[in-house]
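Note that chain A is present in both complexes that follow, paired respectively with chain B and with chain C.
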Partner chain A sequence: MSQNFLDQFLFVALPYVCLFTFFLMTIYRYRMQSFSYSSLSSQFLENKHHFWAVVPFHYGILVVTAGHLVAFAIPRSILAWNSHPLRLYVLEVSALIFGLMTLIGLVGVIVRRLTHSKIRTVTSPTDWVLFAMLLVQAASGIAIALFYPWGSSWFASNLSPYLWSIFKLSPDVTYVAAMPHLVKLHIVLAFVTIGFFPFTRLVHLLVIPNPYLWRKPQVVRWYGTRSKI
Partner chain B sequence: MNIRSQVSMVFHLDKCIGCHTCSVACKNVWTDRKGAEYMWWNNVETKPGTGYPTKWEDQEKYKGGWESNGNGKLKIKSTGKMKIIPNIFHNPHMPSIDDYYEPWTYDYQNLFNAPEGTDQPTAVPVSMIDGEKIDVQAGPNWDDDLGGSPIYAEHDPNLQGLSEQQRLQLSSVERLVFFYLPRICNHCLNACCVASCPSGALYKRGEDGIVLIDQKKCRAWRSCVSACPYKKTYFNWFTGKSEKCILCFPRLETGQAPACFHSCVGRIRYLGVLLYDADRIEEVAKLPDDELVEGQRSLVLDPHDPAVIAQAKRNGIADGVIEAAQRSPVYKFVMKWKIALPPHIEFRTLPMLFYVPPMSPVQASKPEDTIQHVSDNLFHDIDDSRVPMKFLANLFGAGHEGGVRYALRKQKAVRWHRRAETVGDVDRETADRMLREADTTREEADAIYELTSLCTFEDRFVIPPMHREQAIEMMKEPHEHREETGFGFVGGPQRGL
Partner chain C sequence: MVTRSSARAVCISCFACCLAVLSGGESLGQATADFFRQNCMNCHTIGGGRLTGPDLKDVTERAAAEGKDREWLINFMMNPREFIDSGDPYALKLLVESRNVPMPTLPGVTRQRAEYLLDLIEAESKLPESQFKGLQISDKPFTPADVENGRELFVGVKQLTAGGTSCISCHTIHDLQPLGQGRGAGLGGGRLGPDLTNVFERLKGRKSLSAWLMAPGTETMQPVFKNHPMTADEIHALVAFFESTAGKPVPEPSVSRITLMLLGLAGATALVFAFDAIWKRRFQSVRQPLVDSTPVRGH
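Right after this comes the complex of A and B.
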């Protein structure tokens, strides 16, 4: 009974609280403090180690996160892809490589921020909490890939329905309840990170500059409609 | 034709005394804040010298500005359009704080708190970034008045193309020479910082052409810092936003000259409106190097021409602005007299700050030791000045000497004409011949003299009426505007977490 209660709390209540916080607070912060939406780059203060830490981390985490999203969105296609062992290996190995890139990059980021005193001054307590969470998340993700193989398949078959049930507002924890503890940790931490997201520098993810590729090079702003003056 | 107005500037280098009052005025008003300590929106450099940030003119190093490639397209050298995608996490050409300098203060408390000892306590320098003690190695103006020439002056990128002898001449004690180059944002027509901003946070104000960074839209992608070839956009390491010279627009809007202009001791700064044709910007920015200076001048339109006035009105330029353009001192220096030139036009951003190139003493060691001002060539000392023509041409003519020589000859003719008028030791005939050879007249020479030497505030700063509130009122019911405009910053701008 208590196990069931814990599952209900961790995989139903918590996700909803976190998702609600995420949407409410990102919008609130954007409207009230859009000045604070910044990637807060520290490249200016330290330009050498920056490349070796930040670049692998970003490429790694972007691909890994995108992979999770794809498996969540189109689980059947992933399963179909994985039906052939070779294709399964290719997918798993490349996912692992990007996972390792994330972890190595993240360790680089943390070491860089610890060792350069200038960078330390622009690292807030929130940043340290965030780095710790991401570190555990990346490490647990890699551990899962190593100890519970073929995650791309079982994620698509077992976890995707759970995530969909959350979004369809009829949560079903049957699949999750049977998962090993490591996987549970990974799921819970993922939701906590989403809930923590609006209070961190992660918000820069929401303002990635997509219109740049289409807009005209020069930007001109007028007080009002020009022809009316 | 699409006519726009641009608040433009002229710095008369022949009058600059290098006192840095402009820099201090700007610093006190705008950049005396955490994260902005290292920024000098206005700075004064000694030339020859490497400047601030170090060697900013060397685009092999910084990749600033535009390049015009073979197939007639303009490209941002650093990270434009597609190149931003792989480089957004780490900007490959971004200068770091070491290229500027690490700002510092002194531990003054130590003077009071030091324990009793045998030595006088000192105030040691501490970094304004992390508070650690630092060994100060460089500052924003470390090479002022040629200090440390072997490290700085000799590495001036403008020395390219100078002969070994000319270089030696610049550094030998009896012949050395320097002049000052005050710099602010050029508020370019083809601003590279604007074009490079992935967020679209940088923009040019339509009414007056001032280039600004929307602090609420800047997301610290840092492209503008790399893209600006003049290195006049700065990254605030604390707020995570880029900042730049705003041409003191709150002052301009109330009819006052920008702080650096207002405080200029040598009265070298002029500010006024230029009307230009915005449709031709791209076409001009693509011209070959040697046509750029003339090309940029061809963009600027005559504010007295009835056709231009009519079109300007159709394009929504207020009568007051047109009238200000007609009285603009910048128009006189740049267009009428053609003695003010844009800095490093080869960066292709079409800067709207123009410099009157400085006169310099003639070389002391000539074959015959006396300088003959009655020689056939009355302008011989222009070519024999201590600052090699090629050096000035690298700065103000994309390497081409014609425009610089023209400006210097005219300035010299003005001097001789005034000498003939006031001192009388130059005969009138020679002075007139010089005026003729320098492509000018007595009237024009007097006008140049007056605007150079006798200029009042009103002569130097013809600030167009901006009446921002009235402009809004003309278009919209004020209450309606008030309802739509929002609260601005709620609780003040705060660094993100």
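Right after this comes the complex of A and C.
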């Protein structure tokens, strides 16, 4: 299989398959299984380790994802911000901090689910696959930040045009064809995660209103049979 | 009787026809010239000397001397990678002469487009001076002001006129002190591309390096600078800066990497403890009052 064909598959065909699956299945699941739109919180089953895992993970991944979206939406503004090296360093160190929080929180989530039998029981195979994907994604993102700086700038100059070309239905892989394998892995896994999104508990992200970030702490109770627990 | 909606439909149709005529009215020659300017000029000139790729003046005659006809050239333009991968001797020779930077397979180069492009190159080759001769770089001596100007362009304090990304995004260089003399942050430049401390020597001096910067030929830089080329003055300043760092020690990447990692870890740890402090009443505020208010069994 030639490199050109592989790039076309990974950076043209796969993104469209994943995006199509995302839109189709998200709507389908919402129409057919509205009440499954939930994070399926396990806080009620275990509340002490929960805080140290879920809070860093959520604040980390929300900030990092928002950063990627901003660089995608307004790349010229990011490049203008980065035109002073001190500002570039502040942005990169901040991004790394939230990336590390994501990884620390995610490892905490996985350890909590492995070590508490009640939580392990309510963890599905889909959850484990999702955790593995997010773990690789967070680790590869941090590795890229450390080994291929400065991502905020070259994302804006190279990856943002590529992503726009996907959304404009005129895909141009020349922007990503020569990227290091680690960067390619991060891009491909991002699209696969988007495609996998509607089959997982990640759908809770789309439940509006979503006051998780500012609401007061609350303990969630499960309503239904707990015979398996 | 003409209704308002049908009149509107007619107007829209007329407008669409006008647009179609206007777009179709653009001459084929101009469209091909624009395509050449946007896609080929970052690596080639016609009569201006070699950049990353060869000077295309009289390319048909040169290829014929190697036993390659016009058909071969058209097929090569459509898919150069296929010829390189197949081990074609002439394609491999061109690759070596281009410092092993392969010609990319450009989207939109159909057989018809390749034929028009070759027609354009042949016609321009016959002119005393082609419009695709390319930038002419100054050969005046470098001054300290040129070096400082180049440094500012490298770190991004001074932005490239056409909107190209500053070098620091992907490259580092010796003694990079973006915050000014004596206030170096220690984080240096990017690492997506190679260290440029000795690029002046690596690309064999001023003329060759200037030609490279006129049309950066790597697969990562080409799509970025294709639509944002550097000016002759910017290239002059950057080459002056690169000459000033030639022969200096190359910065050790692990220093900035460890510094960055430590800053990240310190920040992440501080934030986690900040969250703990912010929500220090998290157990008491909800759960503990519930437990306290629950009557003890038997009372």
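Criterion: the second predicted complex is superposed on the first by the 207 of 229 C-alpha atoms of A that agree within 3 Å, B and C clash if a C-alpha of one lies under 4 Å from a C-alpha of the other, contacts with A are read in each partner's own complex, and residues count from 1 in each chain.
Assume contacts are C-beta pairs under 8 Å (C-beta built on N, C-alpha and C of every residue); 3 or more make two chains touch, one makes a residue touch a chain.
Treat the numbers as computed from the prediction; the structure is a model and nothing was measured.
Chemist: Using the superposition on chain A described above, determine whether A:100 touches chain B (first), chain C (second), both, or neither.
Modeler: Once the two structures are laid over each other on A, A:100 reaches chain C alone.
Chemist: State whether A:79 touches chain B only (first), chain C only (second), both chains, or neither.
Modeler: second
Chemist: Please work out whether A:115 is in contact with chain B alone, chain C alone, both, or neither, and reply first, second, both or neither.
Modeler: Neither partner.
Chemist: Touch check for A:47: first (chain B), second (chain C), both, or neither?
Modeler: Both: A:47 reaches chain B and chain C.
Chemist: Is A:55 in contact with chain B, with chain C, with both, or with neither (first, second, both, neither)?
Modeler: In the superposed model, A:55 contacts both chain B and chain C.
Chemist: Quick check on the superposed pair: does A:200 touch chain B, chain C, both, or neither? Answer first, second, both or neither.
Modeler: first
Chemist: With both complexes superposed on chain A, which partner does A:92 reach: first (chain B), second (chain C), both or neither?
Modeler: Touch status of A:92: second partner only.
Chemist: Please report the chain A residues shared by its interface with chain B and its interface with chain C.
Modeler: Residues 47, 51, 55, 59, 217-219 of chain A touch both chain B and chain C.
Chemist: Quick one: which bits of chain A touch chain C in the complex? Just the residue numbers, please.
Modeler: So the residues of chain A in touch with chain C come to 2-4, 47, 51-52, 55-56, 59, 76, 79, 82-86, 88-89, 92-94, 96-101, 104, 142, 145-150, 153-154, 156-158, 161, 172, 174-175, 177-180, 216-219.
Chemist: Using the touch definition from the top, list the residues of chain B that touch chain A in their complex.
Modeler: Within the complex, chain B touches chain A at residues 80-82, 84, 88-91, 94-98, 127, 129-132, 190-191, 194-195, 197-200, 202-207, 215-222, 225, 235, 237-241, 281, 315-316, 318, 468, 471-472, 474-476, 489-491, 493-497.
Chemist: State the interface residues of chain A toward chain B in the complex, per the touch definition above.
Modeler: Touching chain B from chain A are residues 32-47, 50-51, 54-55, 58-59, 117-118, 120-122, 124, 126-127, 199-201, 203-204, 207, 209, 211-213, 215, 217-229.
Chemist: In their complex, what parts of chain C are in touch with chain A?
Modeler: On the chain C side, the touching residues are 81, 85, 104-105, 107, 155-157, 159, 163, 165-166, 168-170, 178-179, 185, 187, 189-192, 218-220, 222-224, 256-257, 260-261, 263-265, 267-268, 271-272, 275-276, 279, 282-283, 285-287, 290.
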